[in-house]
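Here come two complexes built around subunit A, the first alongside subunit B, the second alongside subunit C.
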Partner chain A sequence: MQQVVNTIVTASVYAMFALGFNLVLGGLNILNLAQGALFALAAVVAYEVTHGGSSIWVGLVVAALAAAAVSLAINELTLAPLRRRGGAGFLPMVASLGASLIIVALLREHTGAQVLSLPSGALPQGIHKIGSVTISDTQLLAVGAAAVVYGVTALVLTRSSIGRAVRATEFDEDAARMIGLPTESLIRLMFLMSGLFAGVAGVVTAILYSTVSYSMGDEFLLAGFVVVVLGGFGSVPGTLLASVVLAAIQVGSVSAGLSDYSNALAFGLLIVMLMVRPTGFFGAPIAARP
Partner chain B sequence: MLVGARFRPFHQEEENMAGRSAAVVVVAVSGALGLAVAGCGSGTSSSAKTNSAGQTVVKVGVPLSLSGPVAFAGVQMQKAMKLGFKDANASLAASGIKLEPVFADDKSDQPTSIDVTRRLVQQDKVAVIAGYTASNICQAALPVAQQLKVPALNADCVIPDIVKMGDYIFRTAQPLDPALSLMTTKVAPQLGLKSSASLVLKENPGAVNAAKIMSAGLAKAGAPITDAESVRTADTTNFRSELTRIASKKPGALVIAVLGGQAGQVMVQARQSGLDVPFIGEQNLGASSVIEIAGKAAANTYFATYWNPTGGTPKNDKFIKDFKAAYNAEPDTFAANGYAAVETIAAAVKKAGKPSGDAQSYREKLKETLGNLGEIESIYGDGKLTMKDRAATMGAIIVKLNASGNTVTPEVIDTIPGDQVFAGWTGN
Partner chain C sequence: MTATILMAFDLNSWYLTYEHLIANTVIYSIASLALYFSFRCGVFNLSTAGVMSLGAYGTGILIVKSGWPTPVALLAGTVIGTVGGALVALPVIRLRGHFLAIATLGFAAVIQELAGSFTGLTGGSAGLLGITGTVGMPALLILLAIAVYAAFALRRHRVGRAWDAIRVDESAAAAAGVPVMQLKLLAFVVSTVLAALAGGLFAVANLVLVPQLFGFGLLTNLLVYTLLGGIANPLGPVAGASIISTMPSWLTAAGAYLDVVTGVLLILVVTYAPGGLVQLAGSTTRLVRGAAGRLRRRAPAPPSLATAAPGNAAAPSAEVVVPKPSAPPRKLMDADVEEAHLKIVDLAKHYGGVKSVDGVSLEIRPGETVALIGPNGAGKTTLLNCVSGLVRRTSGSVVVNGQRIDGWSPQRIAAEGRIRRTFQTPRVLPGMSVMANVLIGLHAEIAGGLGSALLRLPAGRRSERDARARAMTALEVVGLADVAGAIASDLPYGLQRRVELARALVANPSILLLDEPVAGLSTEEADALKEILRDVVRTTGCSVVFVDHNMPFVVDMADRIVVLNFGRLLTSGTAAEIQAHPQVIEAYLGGADHGVVPA
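Our next item is the complex of A and B:
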């Protein structure tokens, strides 16, 4: 039963990270490799804010906003000019890689390449025991943050005019522009949300696993990619389901005494999914996309 | 780094070649020429250069992992080595020699470590190399130093059989194998262990080797490993599922064989998973960065090391005091390894005397001197280090971490003389 808790908590972090990843990938067909760097950036910002004496909640908000701002800056300074000049295919991905390397290099210099941790006194400390199952406040925070992120995203995308405009832009940017939608503003919103989610995921991970490191986004970038492929490009419920599936495979393989093969099993599933259902759990068929 | 690793081949193609085969030929030829230049051409230039103070400058190449997954150790080594060079130059002043370190970052990456080694020798023209941080880096870079015929002193890699790579290869950092084996056989009966478990980073050969040695020692002491779990990658931060499984097996102790950048998190998550058992491991469990992250979760941890973190000898006391004064932090075993390498190089340079003749002949002189330097005063072990047959031997210390509130302090629970530790050891 404890491993079920571990699965849900792990899935929550994957889901938050991958949602922002999928928003940009599904909406703009851009594999934004800077998402991992934004994740690490937020953790480092939260580290600085909390070590400056502020509460972890202030750190969470400031760090998430910082990641959102940098995400927007990446779009404005690199990806938007590329789009205007007709840069497509691998070019935006390479540009995002460049942005990622710059951010990571700056973080590495700033942290002295050391693994850091948030001040333990600033973190929720409670441990709850339900039968044989232990749940910490930090684990509850991860699940709660994921619930809020998904709840807000679902509401915005399905119940607001902005959300409908975002979805229209995701489906066909040119058509959306022709009917008068402010597509560039909507794309900016996607990058803001994407950075915000990466930021929240980064700080929650720093709290959950006592880790702040300039390279902490690397593993999540890989996991995020698996989740997006499994869940389907641009699919919010798909991202959530795929996060649970990936976490369940990783935790389940350990429970079964197969920790040596944890990643191999996850990527084996990825290959099977690509062969059997290339659009993922909930992705739209290729023909239905522009 | 994942991203860097994926795109590295493109970065390394410096020339825009028309065909891949042509590129391979050109790279191979230029590599061979580079080796030839380094091996033969250096004999035409003089090794003796003097600075404005009239001292003869001896360049020491210091390749370290200053970024990437092993940077937690490399950065500490660099800090201590800077102090080491300062102390060495003070003691060498009367000889009219000044050591000039040339630091270089191998990024915790094997191909980069090869490039860095070549650059230090071929461009910076160092007389000797002292450095390297991780075992996989040593495996890649030391054969290059051997090819280039430059004495290379391994300061931190703890895999066995390093000096067997060639006659230009030396080591002050010794495998902890004999010390780990002695530690587990001593500690297990004291703790009354009947079983144990392990968490191992399988992609790191040093961690795998250490886990193997400790597992064998625990089995010999009647506390065999009943559950062995693997860590996915060097960047993994979530160990909860592995630790939950281990906790369900109720072992008497947990062997932790992961990178220092992960050990603190493992300790915290292990305690949160209900593993209130002793932790047993390598010297990285005592790293200051690990203790800072783990806090009181580090209590009841046992590790073996060749350096006493509480001081105990005049030179080690001074080292700890100077390090704290310079960096406002406690030194750790990586810092000590860095310092010990510099003190050994300094002793060899002092004994070899001022450089004379061409650069390669001075390298050969340093090679002969360093290999059988004999006993020198050291921060290691019981205050002395013996360099024989290109490898150092020193005493080992078993340390227990205690916690009072949130303050963690190391306690030396046993000291084993070097001749006992390395009796019958063949893994130099």
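Our next item is the complex of A and C:
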């Protein structure tokens, strides 16, 4: 049972991180490699805010907003000019890699390349025991945050005209472009959401493992890759399900004493999935996509 | 005198100070060329850092743990890296776009992690220590020279030309008979060998290996070197590596913020100079001269990673004089066209619930010219796509001279099946010359592979010469001989159609499939094209199946007209029969939902 709890908690973090990643990939066809840097950025901001004496809740909100702001800035400063000049294909991905390099370098200098930790006094300390299962407040926080993130996304995607536009873009990019989608404001919304989610995931990770480092996002990029391939580009339920699968593999391999190979296992799964069903669990068949 | 001695002394001490830096620059240049070969073919392979890691650890471990001599270990390390890279490539090479990028990036991340985990073998993050041996500067420079030479030799060769074609328009290349997968795999293998070699050299030149050396940072740096230099010219990546990898020594002011400088450069390059420095240097002169031309708003094909043009030929002026439809040579080619009898049996193509083509049977006799007409959405283009293999049919069969070709790949249908096609909107290969566009149509018939390109074997060169002569004949037929050296995508629309036609004709096809050959052409242009086509049919005897909405053209050209509606065959007959057919009139005029009346 404890394994189930651990799986759900780990899955929550993956799911939040990968969701923004996947929305940008599915909706805008951009593999945004700066997502990991935003994740680390938020953790470092939360570190600064909480060490300044504010509560972790303030830290969470400020950090997530900071990540969202930087995500928007990346779009405005690098990707939007690129789009205006007709750069497509892999160029946006390479530009996002450049942005990632800049952010990570600045974080490294800011933190002195040290591994930091959030002040333990600022963190929720409660531990609940239900039978043999232990659940901490921080774990509840992780799951709760993921629930909020997915709730918000579901609302935005199903209940608003923005959501229709996103889904139209995902369904048929060319047709969507012909009727004027995705518009710049839609693109901004996607980057706002993905930055916000990466930020929340970063702070939650910092709380869960009580460590903050400039390079903590790198490890999550691979997880993000696995999740989008398993779940299917742009698929929200797919992202959720794939996060659970990936987390189960990780938790399972740790308890089997194979923690060194958990990422290799996950990558093997990615390759197999690409061979058997490159569209992911819920993705549209390739033939139906332009 | 004294000054000379002093300078020599200075040079010597300068060399000793920077020897290590230069060695690593050479190694990074080789690794950047690894990326060059992938990108040149449009394969966005990002496994280079991972393969370098395999090559480096393979070499290092064989020296440290097995005591192998350096050259042997280097060779073995290169093989290990290549095999490892190929194991990842094989399952994913067919995937396009971001799938390939994700898989190869993931590979690099996993290799880095495994290097950290297998501490017994690799020393983990404490490092693999005790690598001995050296690789001299002459050896390094010779290896780099070989890599650069190979890149130049291939660029002039049919392999390099086909790589360019695949990069700019994969399906047009396939439809012209280029074996896409085979050539992508070749690019991948060349790229992987170079990356593995660079890794092995890195191990020997640096003597200590830690997993962190081969992470995202290395990949990013290699991308900066390659993209900053640009892939238009093999010297681009070398220049990029030379400038950027030595930056710590000459841009000391950046200090710890070198990565910030690198990141900014990367963003600026992809945004404002996606062709890289080499192309930027070339286009500066062009920019000055072509200022007037730019005003005419003839936007060049967006040069990007995927379409960076081999930028050696200068762009011609946007306004090319439309060649007069001069009397083309009476006979197109010396070779006789093989007669072909095309039989389409019960062919269907369904997209989900949409039955684009729904059980069409059709027979085209040798030398016959058949027009496919019908309202928009009748399935005409889909039918051509099924026959040329670009679209997999749902059911039914396509038979040429008794042989079923419906399961074949587009390139096999083009090369072996001798069926060539043009597209509804002309698909010239952007950034490539008119001559290169036409030569692509002969790719399958030109002799010589990798070895022939590197050794410049006479047989291959003769074959290329013959092909150029044939391509010139085809260009004469379509009236484009004068613009053979121009960039095809810079030509006016009407002439682009002729380039495409020449690409199809040059291979002496038995069956020519033309998708709206005169759409968008003026009456004069259409008449000129009609004369060309008639001449081709008369002199070569090939069969033609074409789709068009231009009724005078259809009536003039076709021996027989076939009418499709809702994916089904409505009727077929001569122009007079069709014009009087009540159901045809109904299909064109009757339905409120598709009221397209042909002119």
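Convention: the second predicted complex is superposed on the first by the 273 of 290 C-alpha atoms of A that agree within 3 Å, B and C clash if a C-alpha of one lies under 4 Å from a C-alpha of the other, contacts with A are read in each partner's own complex, and residues count from 1 in each chain.
The working rule: a contact is a pair of C-beta atoms (placed from the backbone, for glycine too) under 8 Å apart; a residue touches a chain by one contact, two chains touch by 3 or more.
Predicted model, so just to flag it, every value in this text is computed and none were measured.
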Next on the checklist: After the alignment on subunit A, I want to confirm one thing: do subunit B and subunit C clash, or do they fit together?
Outcome noted: clash
Checklist entry - Between subunit B (first) and subunit C (second), which, if any, makes contact with A:143: first, second, both or neither? => result neither
Checklist entry - Which holds for A:120: it touches subunit B only (first), subunit C only (second), both, or neither? => result first
Checklist entry - Touching A:23 in the superposition: subunit B (first), subunit C (second), both, neither? => result neither
Checklist entry - Between subunit B (first) and subunit C (second), which, if any, makes contact with A:99: first, second, both or neither? => result second
Next on the checklist: Once chain A of both complexes is superposed, is A:260 in touch with subunit B (first), subunit C (second), both, or neither?
Outcome noted: both
Checklist entry - First (subunit B), second (subunit C), both or neither: which does A:78 touch? => result second
Next on the checklist: Once chain A of both complexes is superposed, is A:70 in touch with subunit B (first), subunit C (second), both, or neither?
Outcome noted: neither
Checklist entry - Is A:250 touching the first partner subunit B, the second partner subunit C, both, or neither of them? => result first
Next on the checklist: In the overlaid three-chain picture, which partner chain does A:198 touch, first (subunit B) or second (subunit C), both, or neither?
Outcome noted: neither
Checklist entry - Of the stretches 95-103, 131-139, 239-247 or 257-265, which one of subunit B hits subunit C? => result 131-139
Next on the checklist: Shared contact residues on subunit A, subunit B side and subunit C side combined as an intersection?
Outcome noted: 97, 100-101, 104, 108, 218, 221-222, 260, 263
Checklist entry - Tell me, which parts of subunit C touch subunit A in their complex? => result 44, 88, 91-92, 95, 97-99, 101-103, 105-107, 109-110, 113-114, 117, 215-217, 220, 223, 227, 256-260, 262-267, 270-272, 274, 302, 304-307, 351-352
Checklist outcome for this item: In the complex, subunit A touches subunit C at residues 25, 29, 31, 77-78, 81-82, 85-91, 93-95, 97-102, 104-106, 108-109, 218, 221-222, 225-226, 228-229, 233, 260-261, 263-264, 267, 270-271, 274-275, 278, 287-288
Item to check | Residues of subunit B touching subunit A in the complex | outcome: 1-4, 7, 66-69, 71-72, 74-75, 202, 229-233, 235-238, 240-242, 244-245, 248, 260-262, 264-265, 268-269, 272-274, 289, 292-295, 406
Checklist outcome for this item: In the complex, subunit A touches subunit B at residues 2-3, 6-7, 9-10, 13, 33, 36, 97, 100-101, 104, 108, 112-117, 120, 127, 134, 136, 205, 208-211, 213, 215-216, 218-219, 221-222, 250-251, 254-255, 257, 259-260, 262-263
